[in-house]
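All remarks here apply to the structure that follows.
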Amino acid sequence: MKKDLNEEHKEEFQLERVAFFSDAVFAIAITLLNIEIRVPEIHAHKITDKEILNEFVKLIPKFIGFIVSFMVIALYWLSHHRIFRYVTSVNQKLIWSNLLFLLPIIVMPFSTAFLSEYYSSSVKFPLIIYTLTICLSGFFNFRIWKIIGNKKNNLSSNLDKVIVNYNCTRALTVPILFIMTLLLSFLTNWAFILPILILFVPKIITRYYTKKYPEIMEKYNK
Amino acid sequence: MKKDLNEEHKEEFQLERVAFFSDAVFAIAITLLNIEIRVPEIHAHKITDKEILNEFVKLIPKFIGFIVSFMVIALYWLSHHRIFRYVTSVNQKLIWSNLLFLLPIIVMPFSTAFLSEYYSSSVKFPLIIYTLTICLSGFFNFRIWKIIGNKKNNLSSNLDKVIVNYNCTRALTVPILFIMTLLLSFLTNWAFILPILILFVPKIITRYYTKKYPEIMEKYNK
Amino acid sequence: MKKDLNEEHKEEFQLERVAFFSDAVFAIAITLLNIEIRVPEIHAHKITDKEILNEFVKLIPKFIGFIVSFMVIALYWLSHHRIFRYVTSVNQKLIWSNLLFLLPIIVMPFSTAFLSEYYSSSVKFPLIIYTLTICLSGFFNFRIWKIIGNKKNNLSSNLDKVIVNYNCTRALTVPILFIMTLLLSFLTNWAFILPILILFVPKIITRYYTKKYPEIMEKYNK
Amino acid sequence: MKKDLNEEHKEEFQLERVAFFSDAVFAIAITLLNIEIRVPEIHAHKITDKEILNEFVKLIPKFIGFIVSFMVIALYWLSHHRIFRYVTSVNQKLIWSNLLFLLPIIVMPFSTAFLSEYYSSSVKFPLIIYTLTICLSGFFNFRIWKIIGNKKNNLSSNLDKVIVNYNCTRALTVPILFIMTLLLSFLTNWAFILPILILFVPKIITRYYTKKYPEIMEKYNK
C-alpha cells in the first residue's frame, strides 16, 4: 500500500518536472526577447535629450516586436498551463512533442529580432521565418492536445472531447492569423495590424463554445 | 472523494506553476541586470592596475544602477511572494495581470542599462523610461492586490481588507518615489539620492499600520 | 510519528531541489544555444529579400548546430528525468556527479557555436572540443546510473539491474556516435551525417532489451 | 483543523518559493559564467587547425576562471541546499539575507570574466574585485547559518549548535582561501594554485568535526 502511494507520488513528481522544465524554458525565452534590444550607442560630443530621443525612436519597431512576441509566448504558455491541468501521466510521445513545442519557442527571440531589424514593406523573408516559427509552435501545441485527448493514450483524466476541440481550435488561431498577415502583406502595407486580433479571436472562440456547450464550458471555466 | 482530492491537488499545482513561472522570470531578470555590465576593454601596450582602475571607475554608475534595480526587483518579488500567501486559485484576469506585471520586470535590464549609460544632470529621457517601467510594475502589483482582495472574485482566503490596503499602499511606494525623483531632477542635481528612501518608506508604512491595526498586523507578521 | 513524516518530507524536498536546479540549468543551456545565432548585419544601401536571404543562408550551419545540440541536451535531460524516477535520497557523491554532469551541458552553447562557426572538412579542432564536451556528459551520466544502481549506496528503490544496464548502454550511445563521427571525419567529408543515428540507436537498444527482458522492460515503459 | 493544515501547507509553499527562486538564480549565474567565453574570431584567408588552436589557447585562462567559479558557486549552492534542510519558516531578516547572499552570486560572471581577462602577475585589481565578491557571499552565507541557528528566531528545527558551527566554519573557508591567495599574490606568481585547496579544506573540516562530535555528524551525514 505504502509502495503504491510512493509510486503514485513519484509519477506525479516526474510529471511536475516536465511542466517546470517547460516553464523555465518559457520564462527564459520570454525574458531573452528583451535582451535583443540593446541600449543605443551615441557618439556625440555632448549628449542631449534630443539625440537620445532620436536614437530611442529607432528602437520602437523592436519594442513592438518584443510586445507581440511577449503576447505570443504568453498565449502558448497559457495553453501549456491548461494542458497540464488534465495530464495525469507522460509517455515518450508526449515528452517529445513537448520538447518539439519548446524548440520554436526558443527560436522566438531570434526570429523576433530578425523581423524587428528588417521589417519593411518591401522585405518579406524575416516575416516568413517569424510565421514559420509560430506555425511550428502552433502545430505541436495542437498535436499535444490531440495526444492527451486520445483516450487510448490514457494520459489525461476528466478531459472532455469538447475541451480538446476548443483548445485545438485556439492552438491554430495564432498560426492562422500570422499566415494571413504574411499573405496580406503582399497586398497592403497595413497587414501588420492584423496580429492585434490575437487579443480578440480567442474570446470569439470561447463565446462560440460557451453558447454551444454551456455546461461543459462553465465547468471548464469555473 | 478521491477524485475531489485529486482535483484540489491539480488546482494547487496549477497555482504553483503560475508562482514558479513568475519566480523564474524574476530570477532571470535580476540576474540579467548584471550581464549589461561588460568587462572593460583596454587597448594599452602594457596593462597596469592604474589603467584597469581608471576603466573600472567608469563602470561605477552601472554598478549603482544594478544595485538600485536589484532592490526594486527584489521588492516586487517580495510583494509577489506575499500575494501568493493568500491566493487559493487563479482566473484569467489574475493570470493576465500577473503576466503584465512581469512585462516591465523583463524590461528592467534594458531600462537600467539605458539609465546608467546616459545618466547626467542635463539628460532626462532615460530617467523617464526607467520611471515608466517602475510605474507599470507598481500599477499591476497594485491591481493584483485589488483583484485578490475583492471577495467577489473568490481567489483568496484569510485575506483581511487591511492587509490589502497595506500592500496596495506599499505597491505604490516605489513608483511614487521614482516619479518624485524625476520631478525633483528638474530642480536639483541631487535628486538621485531620493530612491534610497525605498529602504525606509516601507518600514514607515508598516509602523503606521501596526499602530492602527495591531492585531491584524501581528498575525500578518507572525 | 509526525516528526518522522516531516523528516521524510524534508528529504523529499531536498531531492526535488537537486532535480529542479538541474532542470533550470538544462533549460537555460538549451535556450542559450539559440542566443549564439545573431541576427545578420546588412550594410547595404537598400535592403532587399535577396540580400537578407544571402545572409540567412550563411546562418544555416548554425541552425543545424543548434538543432543537433538541442537533441543532445534533450536526450541528456530525458536521461536525467529517468534517473530521478528511481532516486529516493541523495548523498555527496551523487550530488557532485550531478554537478559535474551539468558542467559540460553548460559548455554546450560555446562548443556548439565554436563548431558551427568553423566547421569545414579541413578543420578538426572544433569537432574535437565538441566531442569532448559530449563525452564528459556521457561519462557522468553513465556514472550516475552506476551510483544509483549500486545497492550499497541505498539511493534508489525498485531499480532493477537490467534497467541500470539498459540506461548505461544508452548513456554511452551519444558519446560513441560522436567519437565515431570524429574519427570518420578524417576519412570522409560526409561524416557529419552520422549523428542523425542518435534518433535511431536508442530505439535499437530499447528493442534489444525489450526482447531479452520483456517483463522488466514492459514494467519500465508502462 | 482543515484550515490549520492549509495554513501549514501555505507556509511550506512560501518556503519552497524562496528556495526555488534562489535555485533559479544559482542556475542562471552558473550557466552565464560560460557565456562570457566567446568563440574567437579569426580573420585569416584560409582557416586551419593551427590558427584555431592558437586562438583557443588564449581562451584557456577563461576556462580556468570558469571552472574555479563553477566550483565556488556549486559550493555556495550546496551550502544553501544544506541550509534549507533545516529551515521551517522564513522571516524578513532571513529573506533579505538570502537576497543579499544572491547579489554577489549574480556578480560572479562579471568578476570571473574581469579576472580572466586581466589576470597577470603585475595586475592585482581584478583579483581584489573577485575576492570581494566571494567574501560578500561567504559573509551572508555565514550570517544565514547564524540566523537560522539562533533559537530565538524560531526558523529551524532539529538544528544542533554543532551543525551551525560546522557550517559557519565551512562558509568562511572559501573567502579565507581567496584572501590568502590575494595576499600571497603580492609575494609569488604561484599564488593562483592556492584555490585548489577549496577541494580539500572542507574535507578536513568535516573530518575534524566527525572526530569531535561523532554522533551528531553521523546523523547529519546519514
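Miscellaneous remarks
As written, the chain order gives the labels A, B, C and D, with residue 1 at the start of each chain.
The working rule: contacts are C-beta pairs under 8 Å (C-beta built on N, C-alpha and C of every residue); 3 or more make two chains touch, one makes a residue touch a chain.
Note that this is a predicted model, so its numbers are computed, not measured.
Subunit A and subunit B touch with mostly distinct residues; of the residue numbers seen at this interface, under half occur in both copies. Centroid distances built from C-alpha atoms place C farthest away from subunit B.
Relative orientation of subunit A and subunit C, expressed as the C-alpha superposition rotation angle, is 90° to the nearest 5.
If each chain is reduced to the centroid of its CA atoms, subunit A and subunit B end up 25 Å from each other. With centres defined as mean CA coordinates, subunit C is found 36 Å away from subunit B. Among all residues of subunit B, those that touch two or more other chains are 20, 24, 28, 35.
Within the complex formed with subunit D, the subunit B residues making contact are 16, 19-20, 23-24, 26-28, 30-31, 33-35, 37, 39, 42, 47-49, 52-53, 56, 67, 70, 74, 77-78, 81, 84-85, 157-158.
Subunit A makes touch with subunit C in their complex at residues 6-7, 10, 13-14, 17-18, 20-21, 24-25, 28-29, 32, 35-36, 95, 99, 102-103, 106-107, 109-110, 113-114, 117-118, 120, 122-126, 129.
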